[in-house]
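Paired with subunit B in one complex and with subunit C in the other, subunit A is shared by the two complexes that follow.
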Partner chain A sequence: MKDGGMQQKLRSEAKALLEQGKVDYIIGFEAGSLKFTTTPLITSDKDDIDRLVINPFIVNNLSVYLSELKGRAGIVVKGCDSRSIVSLLQDNKVARENVVILGVPCSGIIDLGKVEKLVGKDRDEIDDIIQDRDRVVITVDENRREFPIREVLFDNCLGCELPTPQEYDILLGELTSAASDEDKIASQKKINSLKNIPPEQRWEFWRSEFDRCIRCYACRNICPACFCDRCFVEETEPPWVLPVPRWQDNLVFQVIRNMHVAGRCTDCGECERACPVNIPLRSLTREMYDMVDELFHYKAGMDKEASSFLAAYEATDVEDFIR
Partner chain B sequence: MKKVTDSKKISKKNIAKLLDEWRQEFTVLVPWRDETVAKWARWDGKDTSFLDWYRNTVVPPKAIFFPPMEEMFSFQKDREGYHLELPASDESKQLIFGIRPCDAKALAVLNMTFSDAYEDPYYLAKRNGGVLVGLGCTNPYDSCFCTSLDSSPTDSANVDLMLTDIGDDFLVEAITDKGKALMAKTSLAEAVTRADEARAKDVKETTYAKVTKKIDTEGIKEKLLSGFDNKDLWEKIAAKCISCGICTFLCPTCYCFDINDELVKNQGERFRSWDSCAFPLYTKMPMENPRVEKWRRLRQKVCHKYVFYPMNFDVIACTGCGRCIRLCPVNWDITQTLDNLSAEAQVKMEK
Partner chain C sequence: MVDYMTQESEWEPKLLGFLCKWCSYAGADLAGTSRKKYPANIRVIRVPCSGRVDPLFILKALRLGFDGVLVSGCHPGDCHYQTGNYYARRRMAITKKFLEYMGIEPQRIQASWVSASEGEKFTEVVTEVTKALKETGPNRLFTDERRRNATKTTE
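So, the complex of A and B:
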């Protein structure tokens, strides 16, 4: 089903949910204030429902709003976002009966940063970006150029293991298939290039990346897995790290954050996307994701009946210090 | 309008030479980017490619005068008590080449706070010794709205020297004595012709028209105050906000800071670093926090810029640079908020 069909179905389902009192509000996407952007729409007003959209720019992982909202919510999710919800269910942050999941079979989200690089123009200088199945047509100054869609999708989309939500109440379209091996390799390119350099050089790389961090905490606040009421960086007596944006403190903050979301991170890529100074945070979170998979055969948000990863222990775990 | 007799022109080809001359006296900072992010950096003595790509930086030039973190002093404790030492500073003679009018205006706004009841020595030492060479925009972003805030993409009001792109050359206007001194020293300036002046006027008008995002500031203070206690409206406005620090940290006029000491044994440093009203910790006090809910924090941010700052200094503390809109990871757009609040005030008035 095309996005237009899904969008129509979403609007009618969302309206029905509100009218029948099955949910208190809908969390979805509407057109953003800037060209090619979308923005979260959180509403209990059924007159707002016709603003809901589904298109290749619905980038946010809306499950981040679930733990702060009271009542029952109908929520629009892509595959990765649905895994975040499952992870929140496992951690008892959200009750299943309080969410109606409107699943979007996703064929990948367009990374506007990649589009800008590809055509050498800023987002607002581009006339049009149209996805046509596995191609994308980008128009700048009336000059149309066509590219394979994979060249402009987010890295994490390229390696997506679950494009269609597994956990849903209403599925808005037909199933889409997981990434090909070739695309999975492409999605790991940046990470592998880091893994293949000597440790000293890699340390230097991260030192310089975290030197740029301004400690705005967008990576933490956009992350559905970062749900603590009180983050360790806000401890002041004594402080664990200073709020001063020195590279050392910044790095410690990010490393601890990464430990805390191990087994909760679904590789939705929001931390990296939100970063205003473009620190490649996904290179850390994805590496952790793969380590958790390799060492503990665990993938976040795949099984709502499973124990939360960091709360579970098994005799077969690789680390035996606890036995 | 500035007197035309103050104008000169400089060929774009001579910009590197000009910067090199200025480098003898100042630390010259220019817009700079690599694979990472556009920010301000010390000119390397060669590269003027920013003239082609530069629209604006992600990190605003306020960071030059009011850095994300700075050491205020170091201290040492012995039997006699504490001994304080101020950090050595070499940042008093910086020349910012290419600052945009919105960001220059923002520095004028910051000056008001940092030289009001208390004169802030850290900011003022850097600011007073600094020189601002403005560069008018030719290609404003779709998120820019400076023309709604008594400014324009080619506004020369808050810089020492103003450059306007007239094709192969920049038209240069010396605005302040500092600017005039800069021009007096260089032999690279040429006389302007009538055609150059006409071209500059045309560029200014054309660029002004390119700023299409608008807000209505008429009675904005009163409108916001009339909706100040409208909890439902503010909750709706703040619903998608994730309370990160992007829009405040990267705002060219936001100046809040936190102070922390780091003590190891008997010595340490006192730092100040950017803080944000978006963070719950910002207003946390021993017994309570008056801004626990995020709508209260967002209301503070908007009202500080459009109500409280005008009350204190008679100027809106927003220059329409659009960074908060461009960089917001959930596309929260302050112009929509102002529109919503204005509309609500209108409804209230009609009742």
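So, the complex of A and C:
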């Protein structure tokens, strides 16, 4: 990813969009307060445009803001984020004419946690992290070390099927290609190891994971596919789950959340990153994603004209489990 | 609520059935009026359509301690509302598969097509499902560790 070029193009396009009145505001990324990180920037001020950045740390799926904001928006998206937008279009949560999509052909987002583990240093002690196609150069105390990029990318990026946005108005760089099968398998490691243990142990695993859940709902709030006006966990008649964070209720909440986002979740991985107690939520969302694909040959956010997965059916849908 | 302290030998599975009012509920009615016998393990909730059944109902039933859940509706093409059972079919497919991945025994989540004229089939379904649940054993999925251990020692 030639980030410098893309960043420049983004700034000039974003400025033009605001000046010509084509959008009311721009949703993008700016440098974060912590080293290497980025943070969302939502602005209608032309003077803020030079704060916009594109680098291998633009982790957030900004489409989550679309269904809440009024007016027209120019939005910076990666491949997975663009599919979230397509999914929102399918559900009529966003009107196509109200968004100008600035597509970033993505070559993967760098997981700072993995970088820290790899070089054994805290992020504050690292001088520089530079992505160079399939390599990453990490500099610590003027000591340059090179690694294959896949060692530092987020798990969901390893298995990325669509790095170039599915839907865009302006493409900020050149097309990028999908992950290799080998990398896809690597991204599924956790799920496959879970599948290989007996069901009782699997249940035990999830029981202990959800024991930690504090029900902060960060996973729900960060998710662009979780857009119900009133979430079922807040319903009181009947109370489907109790508000106290007990593992039973936590688990029910998360399973139903996964049901609701089936066919909408694009495996962007935001829920897992948002989780303050590190529950491997992607091992649920990704499995649902693959299940929907395997049983119904449906991938979320690929076709804006198609119906949303659970609002459609085929006469030939699988029914071998029905008596 | 299920009594977790019940001894294994006396234990009978509790099955919750969501039956569509147009087909399966009428099918169950026919089984009754025809004096067909089926296990009394099923507790029936009548729903307007199998499409009314939210995966949340299924999970809530298991959470409350039911040993299994049966969702039954009209055969494909027979839905009173034309398409409700097709939506239900899709939803049930992912619910069942996903809960299986979580570690819930597949026997606990059951589905069937039973028409209003299939009283015989209804008795067969309930008999088979009850048998499968007996083999699977009591639902202790949502019991707490402490309680689960306590139950173990009394067995």
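For the reader, a short list of remarks on this structure follows.
Everything that follows uses one rule, which is that the second predicted complex is superposed on the first by the 313 of 323 C-alpha atoms of A that agree within 3 Å, B and C clash if a C-alpha of one lies under 4 Å from a C-alpha of the other, contacts with A are read in each partner's own complex, and residues count from 1 in each chain.
FYI, contacts are C-beta pairs under 8 Å (C-beta built on N, C-alpha and C of every residue); 3 or more make two chains touch, one makes a residue touch a chain.
Everything quoted here is computed from the prediction, not taken from an experiment.
After superposition on subunit A, the partners subunit B and subunit C are seen to fit next to each other with no clash. Once the two complexes are overlaid on the shared chain, A:Asn221 sits against subunit B while remaining clear of subunit C. In the overlay built on the shared chain, the residue A:Pro199 is in contact with subunit C alone; subunit B does not reach it.
Measuring from the middle, so to speak, at the Cα centre of subunit A, the directions to subunit B and subunit C differ by 90 degrees in steps of 10. By the touch criterion defined above, A:Ser33 reaches subunit B but does not reach subunit C. Once chain A of one complex is fitted onto chain A of the other, the partner contacts of A:Trp240 are limited to subunit C, with no touch recorded for subunit B. Shared-chain residue A:Val64: touches subunit B; no touch with subunit C. Judged by the touch definition given at the top, the superposed model places A:Pro276 against subunit B, while subunit C stays out of reach. In the superposed pair of complexes, A:Ile42 makes contact with subunit B only, with no contact to subunit C.
Once both complexes are placed on a shared chain A, the shortest Cα to Cα gap between subunit B and subunit C comes to 8 Å. Residue overlap on subunit A between the subunit B contacts of one complex and the subunit C contacts of the other is empty. Contact residues of subunit C toward subunit A in the complex are 55-56, 59-60, 63, 76, 83, 86-87, 89-105, 110-113, 125, 128-129, 141-142. Within the complex formed with subunit A, the residues of subunit B that make contact are 35-37, 55, 58-59, 68-69, 139, 141-143, 236, 239-240, 242-246, 249-250, 258, 260, 262, 271, 273-276, 279-281, 325-327, 329-333, 335-336.
Residues of subunit A that touch subunit C in their complex: 194-195, 199-206, 232, 240, 248, 251-252, 255-256, 258-259, 262, 287-288, 291-292, 295-296, 309-313, 315, 317-319, 321-323. Contact residues on subunit A toward subunit B in their complex (touch as defined above): 32-35, 37-43, 60, 64-65, 122, 124-125, 209, 212, 214-218, 220-222, 234, 236, 239, 242-246, 270, 273-274, 276-278.
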